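Got some structures for you, see below.
After this come two complexes, each holding chain A, first together with chain B and then together with chain C.
Right after this comes the complex of A and B.
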């Protein structure tokens, strides 16, 4: 069976620091997966490798059977933790940009979501609050018909009301052929939508299990489990 | 995808650069009018300060254009914007080529605007005509023309590529990325200077030792081989820089 995302003995070293160590992942389609772990556990490194922003020191990672490159970038929709948008652009210029470069970009969907959140497409990014910029960025990312969505801290910078809208957007916009991989610290906010969780620690996978299994076997919420596993 | 990158690159830089060059055009026209006014001609202080303002502005626009284009590359590739640039489904060479072509286009526009402005303001018409005549009526040798053209093209390519390779190496450092980029740039320029001298000397040797009977053709041969030597050096640098940038983008990306 071909996995959507697969890694074998993936390692990433920075000098003497092992950021990722022997990561073996098998991710199938149609799932919402939480990538969880404390700061410095390797989440960002893994996400960067998936998106071709970093190359592994050893081992391999494939998306839909290919190592990260032009072909995988066509089917992976990535929301970085950073605001990557050009400040001088207006929202409609960003829509043009995404439409030009991503064949799977659905402009009508983006325009609909923007109007739901009362963001005008004539607004300049420069005049927006940080939270609004994050919303625009998420809308752009979720308006693609991608196979894999990689969302790094998608709800970190926005208020709880917008948080609900964003989570609804995420669930509403991915189809059963696609998978969402999202990393966050705000576990209790998202645990109801997760199918699986991956716990990372010191650059290694602590475990990768289905949420139902955890709930029935351990009788705990993911949030409780996280606090126990990573107790300082 | 290269075409789309070029289109968006043009859009991204055109507005700012258009306006600063428009300013030079406006200044030239105002200057032309002021120069023709008798009262202005008589006042030495006014003339001197006008010339000062003009010269400083032209220098600022000339240097500003280059800094702006270099900064655009840095910002768009190696700061937060890089998270988008490097996740577009395009090859890294397409980024280099699209940005390089637009930078070259603007450097040419910049050069033409400044040259035309100076011609209009500072050079009397008669001298200007003489200059044009001397170029068009000179006895050009074919090889020389080809070499000059090649030198112009390669020289133009070398400018953005030198900026980009310096910035790409500079961003490998953890902190002070821009400072390191400038240092790398200065080092590259110095090494090129030294190599340039070496290449010139080497390329002069064979022709200098050759037939010196006909002094004009001999000096032309020396010029030709000197130019050929430095052209080759430029070409090798360009290819080396391009490959280095591509390697860094593909394998050594260091986004914060």
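Right after this comes the complex of A and C.
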């Protein structure tokens, strides 16, 4: 069986700091997976390696059997923690930009979601609130027919109502051949949409389990378990 | 509006219970088509795979049946509906009795209290 995402003995060092240590991951299609862990546990480093923005110090990571690069970027849709979009651009220019860049971009889908949220395609990114900007970015990312969606803190900066909309957007747009990997601190808000969780700690995988299994075996929510595992 | 789910029990079980209650209380009538997995998952704000699991379980126990191309439907088996209604009632009574026992009441006392209670 071929995994959508696989890593073997993946390590990343920054000087003497081990940011990731012996990460062995097997991720299949059709899942929504939470990448959880406190600050500095290695979430962003792992996400950057998946997207080819950093390379491993040792070990390997593959997406659909390939090392991250031009080919994998065609099938991975990535929402970074910080925006990389040009502030002066209008929404329709961003749509053009995505359409140029990605063969799998579905413009009608993006336009539909924008109109549901009453965001005008003539608006400039610069003039939008932080929450609206985040929604626009998520819409762009979720409007691709990708195999893997990697969302770094997709609900961090938005209010609870917008959070609900974003979660519904994630549920509604991924298909059973795709997988969504998302990192967040706001576990209680998202745990009902997760199939599996990966807990990272000090650059290592603490565990990788199914959410229903945790609930039935431990009798507690992911949020409660998180607070116990990472108690300060 | 997302469905209200407890934090400490498997989600699919709670989804099953909610849909089962909707069937018994007539939100979905016998023979009605139920919404798709995706629609229900979005309504409940849960993972579609989890919703799928809940619907599959409801099919397995016979409350729903699926027709290959046209979707999932509520059973028209009246016996089945009656049994389900009774089993929900039993669950309610058991949890009520458990609570009353914790307060130190015996069965006879509880029955008296119920009889003496004024209808509102």
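Points worth noting:
We take it that the second predicted complex is superposed on the first by the 232 of 232 C-alpha atoms of A that agree within 3 Å, B and C clash if a C-alpha of one lies under 4 Å from a C-alpha of the other, contacts with A are read in each partner's own complex, and residues count from 1 in each chain.
Going forward, a contact is a pair of C-beta atoms (placed from the backbone, for glycine too) under 8 Å apart; a residue touches a chain by one contact, two chains touch by 3 or more.
Being a predicted model, the structure only gives us computed values, none of them experimental.
Of the two partner chains placed by the overlay, neither chain B nor chain C lies in contact with A:227. Applying the stated contact rule after C-alpha superposition, one finds that A:54 touches chain B and leaves chain C untouched.
Once the two complexes are laid over each other on the shared chain, residue contacts for A:78 go to chain B alone; chain C is not touched. Using the contact criterion defined above for the overlaid structures, shared-chain residue A:66 touches neither chain B nor chain C, since it reaches no partner. Of the two partner chains placed around the shared chain by superposition, neither chain B nor chain C is touched by A:26.
Within the superposed three-chain model, A:100 lies in touch with chain B and out of touch with chain C [touch as defined at top]. In the superposition on chain A, no contact is made by A:124 with either chain B or chain C. The touching residues of chain B, when paired with chain A in their complex, are 1, 4, 7-8, 11-12, 15, 76, 80-84, 86-91, 250-251, 253, 255. Against chain A, the residues of chain C that register as touching in their complex are 2, 5, 7-12, 38, 41-42, 44-50, 53.
Of all the residues in chain A, the ones that touch chain B in their complex are 48, 51-55, 70-71, 73-74, 76, 78, 80, 82-86, 88, 93, 97, 100-102.
Note for the complex: chain A touches chain C at residues 30-32, 164, 167-168, 171-172, 188, 192-195, 211-212, 215-216, 219-221, 223-224.
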